[in-house]
Amino acid sequence: MDHSFNCHVYYEDTDLAGIVYYANYLRYIERARTEWVRGLGIDQKAMKAADGVVFAVRRLEADYLSPAHFDDELTVRTRTQAITGARIVLNQDVWRGETLLFSAVVTLVALSSTGQPARMPANIRRQLQ
Amino acid sequence: MDHSFNCHVYYEDTDLAGIVYYANYLRYIERARTEWVRGLGIDQKAMKAADGVVFAVRRLEADYLSPAHFDDELTVRTRTQAITGARIVLNQDVWRGETLLFSAVVTLVALSSTGQPARMPANIRRQLQ
Amino acid sequence: MDHSFNCHVYYEDTDLAGIVYYANYLRYIERARTEWVRGLGIDQKAMKAADGVVFAVRRLEADYLSPAHFDDELTVRTRTQAITGARIVLNQDVWRGETLLFSAVVTLVALSSTGQPARMPANIRRQLQ
Amino acid sequence: MDHSFNCHVYYEDTDLAGIVYYANYLRYIERARTEWVRGLGIDQKAMKAADGVVFAVRRLEADYLSPAHFDDELTVRTRTQAITGARIVLNQDVWRGETLLFSAVVTLVALSSTGQPARMPANIRRQLQ
């Protein structure tokens, strides 16, 4: 079952081409990941405080299929594709109604406070599975 | 021969993890593309005015290899991998000194003023080859 | 009566100091203005298409009173202070619960498609009063 | 004597009105402050590590006089207006050639690692005077 997150296109998101600037889809899907993780009962602030661990994107494959415009109402759909001890692979798509605008495969890893790859805390891994 | 573009990491680029926010690498490589295109003698403003055409990213594959930090001096290296009538495929890497931090393959297409894929203007295509 | 708009602090909003980057409050209050204007029945896209007019910020006075952090739930409260034929002066405050974090006075003008100051369309002015 | 800092307007900086999004001038002047501080021999990373202190904006007054556009070459001019033990007041103007586009008065304070106002480290204060 996909996780759904709605977001709205504001002035800040557009560029002079009149469409959403390409980097801003990454902001949208990161907001969706934060809400998805929270919905699973994971507190990222507590995780950082307790384990010194943050999630970080390791790899991103993204297709820009159709542009989003100012004032569009968008939905980000997130679903888990794979989880191992060290990484999570997600599909994250951005839709405007029935139109798929953006489709990404995002690989996340856990990073320690020094920025090095870390093992995901066991309780976090259980919640994600 | 690669095109080189330097950029500096400012406060605006970092997030609370103390590293460059992942979407911001897309801003860095887009700055580099703008300078690369200008260096080839292509005026994007004139291209838009004359042909109603802008470049847009169609696909992105990105590996985040090592984090960049506040005050880092970065270099974006851009090189053409392939050009057809409709699209350009670029390699764009971000380095801090001898350390590769971020590596992307970016597929660009031309978009008309209505946001539909367009054929690249012939003179632009010649300049890119 | 104030207009209220909620927004959430995501990773993208923070900087390495662990707080919301100062420019991002301007994004929050601009989202609030967009929703406030929409709530008044003004369609900014139609206004641009019909009259070639967009709203632009002419002056900003902002006090940063207390920092917002990752995952904070914020409320932007917007109220009109003054309206003339050429400009609107708004108060826009950002709250976290009962704590005032940011307080701004924003002066808006209408700009033509060439970026010059323009008279606000009469129907828009009526809706704002 | 003013400190000068050049920056270029990229796609990321513009919005659908075809001009620089209003919050982005705050990014430009913050880049200029970082370079100004570095030019004075102050290492913000060391200051944070040694004293747990970061600079933060406490108040901002900004006039938006004329819009900047894609591909503009801008200069930020920074000069000290006043320094006390607790705060620095700066004038920061953004120019395109001989045209003043944006003019700000920025009040900075030192913040401790908990986000509370702190006294500026004595050595830093000396360097700023």
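In this document, chain identifiers A, B, C and D correspond to the written order of the chains, with residue numbering beginning at 1 in each.
Here, a residue touches a chain if its C-beta (ideal position, glycine included) is under 8 Å from a C-beta of that chain, and two chains touch if they have at least 3 such contacts.
For clarity, every value in this text was computed on a predicted model and none was experimentally measured.
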| item | value |
| --- | --- |
| Chain separated most widely from subunit C, comparing mean CA positions | B |
| Centroid distance [mean C-alpha coordinates] between subunit D and subunit C, Å | 22 |
| Separation of subunit B from subunit D, taking each centre as the mean of its C-alpha atoms, in whole Å | 27 |
| Separation of mean Cα positions, subunit C and subunit B [Å, integer] | 31 |
| Touching two or more other chains - residues of subunit A | 11-12, 17-19, 23, 27, 30, 70 |
| Chain contact topology (line, ring, star, complete or other) | complete |
| Residues of subunit D touching subunit C in the complex | 17-19, 22-24, 26-27, 30, 54, 56-64, 66-67, 69, 111, 115 |
| Residue ranges of subunit D touching subunit A (in the complex, touch as defined) | 11-12, 14-19, 21, 23, 69-70 |
| Subunit A to subunit C touching residues, read off their complex | 8, 10-12, 27, 30-31, 34, 44-45, 70-71 |
